[in-house]
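You will see two complexes here that share chain A, one where it goes with chain B and one where it goes with chain C.
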Partner chain A sequence: MRDVSIIGIGQTPIGEHWDKSLRQLAYQALAAAMRDAGIERTDALYVGNMLSGEISGQSHLGALVADFAGLHGVEAVKVEAACASASAAFRQAYIGVASGLQDIAIAVGVEKMTDDVGSRVTTGLAGAADADYEVIHGISFVALNALLMRRYMYEYNLTREAFAGFAINAHSNAVHNPNAMFRKPISKEAFMRAPVVADPITLLDASPMADGAAAVVLCPTEQAREFTNNAVRVAGSAVATDTLSLHDRRDPLWLRAAELSAKKAYKQAGVGPQDIDFFELHDAFTVMSALSLEACGFAERGKGTWLAQDGEISLTGRIPITTRGGLKARGHPVGATGLYQIVEAVQQLRGEAGENQVANARFGMTQNIGGSGATIITHIFERIE
Partner chain B sequence: MSVEISRHWRLNPQRYRLVGEECPRCGGKIFPPRDVCPYCADNEPQPSFKFSGRGEVFSYTTVHNAPEGYEDQAPYTVALVKLEEGPLVTAQLTDVSSGEVEIGMPVEMVTRKIRVQGDEGLIIYGYKFRPQLQAA
Partner chain C sequence: MRDVSIIGIGQTPIGEHWDKSLRQLAYQALAAAMRDAGIERTDALYVGNMLSGEISGQSHLGALVADFAGLHGVEAVKVEAACASASAAFRQAYIGVASGLQDIAIAVGVEKMTDDVGSRVTTGLAGAADADYEVIHGISFVALNALLMRRYMYEYNLTREAFAGFAINAHSNAVHNPNAMFRKPISKEAFMRAPVVADPITLLDASPMADGAAAVVLCPTEQAREFTNNAVRVAGSAVATDTLSLHDRRDPLWLRAAELSAKKAYKQAGVGPQDIDFFELHDAFTVMSALSLEACGFAERGKGTWLAQDGEISLTGRIPITTRGGLKARGHPVGATGLYQIVEAVQQLRGEAGENQVANARFGMTQNIGGSGATIITHIFERIE
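This part shows the complex of A and B:
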């Protein structure tokens, strides 16, 4: 297996792009990544996306994006794993290059959520859960996370206030990210009086839906110098799954797929949680941040929120998270999110994170979660000395 | 108009009567039915097992922004119910206001209208849970 590195990154601002279509957003990110890498062709294109069929009435995104980008004849497919779609697309690009079948591969994640502004988006997102045994009962994706958060608060005897630090940290970091959706800090008071979405989840526990696209270019590490002096290597890459339904987990408050994929990624990279300099985790809801930190070995079980209360997750803390705003404030274009996390990790490791720079970062980790935890994809990236 | 009769018809035993399975090897009670036992990975055919319908609330929330087709019902309370035989199920709570629900509350299954698919579509019935009625 060949060692693989990222040689180009691109992203669009996240927001409500009423004037841009899905294909335009994908192309914008893709073209930026290709310019960054200095390439004009690729051996393969993997498009991460969740909802194009449901929202835009458009399937077959591999061919669509390749066609629109002028990459005539290229191998291209869509990869879908709910909210983890973009990391799944990245993983396929990684496998393509690592295997030797492809010398250059591009992964682009794109989601166009504002093409429908009604309940169809809610229905589409619920498709990450079990249609026959969860969704039929009228459960929404927010509601599934609310069930988790309520139980978490009950078992560990916490109030909503314990989760405030996650949202405050994300918003604080988004202020200096030009691509973030919400570039305004929030106060603890604002968090505590935010309107309820599905109790105990409020507007400020939840990440916003939005449009966006992000892309990266991969090549073998031994060829990376031909393209760039600031390549970032993929030190660890792992996918794990859990039961599709939340109700089928014997221990609903433990993200088993997060633990499994993190352990595999740590092993491949030859590191442990203590070596990770920053962690772009999947803070779709504040409770997910706590569960992710616990399952990946950064906090003991039931103590994930302690890190948020003690400032350990800030840019200068023990384990900085959501360093460019996370899903909460950067925004969550679901099938594109995993590649935003990866692009942001590359920026940190290149030293291009500006006001949000984590000092001397060598290892960065990303984790992208599909559904209520059924697909979890963990990557570890390393700055090349 | 879409017609999805078989998709719902084939689940009638589960939706109407909470029919699951009992693993012949480990004795685990399984709901919903699966082809492979989730406890011991046995893949022999599993005999049916009818759950009692009694359990308690494991967690709950209220849905305000409902998915397509459920807007008319909102707000409604959904829960994870821990059945007395072991499994958790996802279902709506009924005959109770959301302010009265708490974790650990004993509930029992009732058959109710789950969803109406417009003026000409299916009316889907299935299980919901209500607070357990006390014997007089």
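This part shows the complex of A and C:
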């Protein structure tokens, strides 16, 4: 297998893009990534997306994006793993280049959630869970996460307050991210009085629905210097799955697929949690931040929220997370999110994160979660010296 | 890159499976393929599916199928390319094994179309076309193909009768396929008086909606003998795309993506059309058979139907097609079809096609089409001597 690096990144601002269609968003990110890499063609295109069929009546996004981008004839396909779809698309692009089959591959993640009329987004998102054994009882995806958070609070004797640090940190980091949806800091008081969405999850525990697209260009590391002087290596890449239903897990408070995929990624990269300089985790809900930190070895079991309380997740802390705002404040266009995480990791490793720069970052980790932990995709990126 | 072979195949009968869920169908095919290969685990699972989100409210099929099959923790993802989804999943499994990353990979295609209430299947299938520029005008997917067929008849001065041979051949071959949906031969008279679906397409030009699943197990060719004595090599594999909208093609009667992907596959396999012993093509509508035969070099432009009239597509003809009934008579569970084609090609190359056996078959080709030709995936398989 060939070593693989990222040579170009692109993203659209995240928000409610009433004036842009699905294909326009995808193209905007794709074109920016291609310009950044200085390329005009690609051997393959992998599109990450979850909901376009349900919301926009449009399947077949591989051909759609290839066609609209003028990449005539190119190999193109869509990859889906619920909210982990963009990282799943990235993973296939990585394998394509690593295999020797493709010298350049592009992964683009795109989601347009605001075209929704009625409750198609809510219904569509519930499709990340088990339709026959969870959703059929009327539970929504946020309600599933509320069960998790309630259980976490009960098991570890915590109140809602323990999770405030995750939301405050995310909003604080989004202020200087020009592509973030919510660029306003929030106070602990605001967090505590936020309106309930599904008890105990409030508006400030939950990431927002949004439109957006992000893209990266990959090539073999040994060819990367032909394109750029700031390539970023894919040091580790892994996907793991768990039961689709929450009720089937022996221990619902342990993200086994996070642990499994992180261990594989650590092993491939030859590093451990102590070597990771920042961690773009999947804070779709605050409780998921705590669970990820624990499963990946950054905190002991039940002590994930301690990191948030002690300031260790800030840009200068022991393990900075959601450094550009995370899902909570940068926004969570579900099928694009994994590539936003990767684009942001590349910005950090290139030293292009501006006010949000993590000093001397060498290894950055991203983790993208599908469903309530049924698919978890972990990547480790390394600055090339 | 490593050479890759198929060491196990499985399929469910195609039909209206009111008593089986999506996961049960997928598992039945998957388990059969794993038994056939003599394996109990896999490194990766690629699920091909088009419509489960729209029809069953279930996304996230990678995790769903992995979980239900007891493949705990395994890497699993869904791949979608409209009606070419199953071949797209197969292609990713092929790349995974070829890369050296996965020693065993399974591709399973599954579709459950009969759970539909209302017109979600028709709406969902239209998502294979361009939602913003074709479907918005009210055209259905079958109507798009009717435009193509009408144009073909006009351009080449043909009547409906010219296409009869494709349907008659498919139905004739399905009689001895225990997994086929329609195991009844049809006469030319029946074809000529079949009720119209979208003029000039009749019920006997069109493939049926159906439920079904098919799966294959892949491993490196050099390890194949450890599992089986009848492995089948993947000699060629290619994906190409074209414009999503039919009206954007300079020549709507030429499947450019079929030509492109077939040429790549021929080149990789070191063969040409004259070496192909049978061709499992994508006869979703009779006109697509003619277009595929022309674009892949089996017939001159405008003369695809001549092969059907002259009997050259029969089991003993020059280029046998749809040897187990094709989409028309075996059935077309859209996101599973590509893997039915591949399973059938393996059966032919193993000499297990019974009454439908093509004598001394060495090279078999499959071609799976998404949309009205926007994604076309071609594979060439070779019997290992």
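Of note:
Keep this in mind: the second predicted complex is superposed on the first by the 384 of 385 C-alpha atoms of A that agree within 3 Å, B and C clash if a C-alpha of one lies under 4 Å from a C-alpha of the other, contacts with A are read in each partner's own complex, and residues count from 1 in each chain.
Everything below uses one rule, namely that contacts are C-beta pairs under 8 Å (C-beta built on N, C-alpha and C of every residue); 3 or more make two chains touch, one makes a residue touch a chain.
Note that the coordinates shown come from a computational prediction; the quantities given were computed from them, not determined experimentally.
Contact comparison for chain A: of chain B and chain C, C touches the greater number of residues. When the two complexes are overlaid on their common chain A, residue A:V135 makes contact with chain B and with chain C alike. Within the superposed three-chain model, A:G62 lies in touch with chain C and out of touch with chain B [touch as defined at top].
When the two complexes are overlaid on their common chain A, residue A:A190 makes contact with neither chain B nor chain C.
Touch criterion not met for A:I39: it reaches neither chain B nor chain C. Once the two complexes are laid over each other on the shared chain, residue contacts for A:A126 go to chain B and to chain C alike.
Legend: residue contacts after superposition of the two complexes on their common chain; A:A31 is shown touching neither chain B nor chain C. In the superposed model, A:D248 makes contact with both chain B and chain C. Chain A residues in contact with chain B (one complex) as well as with chain C (other complex) are 123, 126, 132, 135, 243, 245, 248.
Against chain B, the residues of chain A that register as touching in their complex are 118-120, 122-123, 126, 132-140, 142-143, 146-148, 150-151, 154, 196-201, 243, 245-248, 252. Taken together, the chain B residues at the contact with chain A in this complex read 7, 11, 14, 32, 38, 58-71, 73, 76, 78-80, 87-92, 98, 103, 114-115, 124, 126.
Across the complex, chain A is touched by residues 1, 21, 23, 50-54, 56-64, 66-67, 71-82, 88, 91-92, 95-96, 98-101, 123-124, 126-132, 135, 238-245, 248, 256-257, 260, 370-371, 374-375 of chain C.
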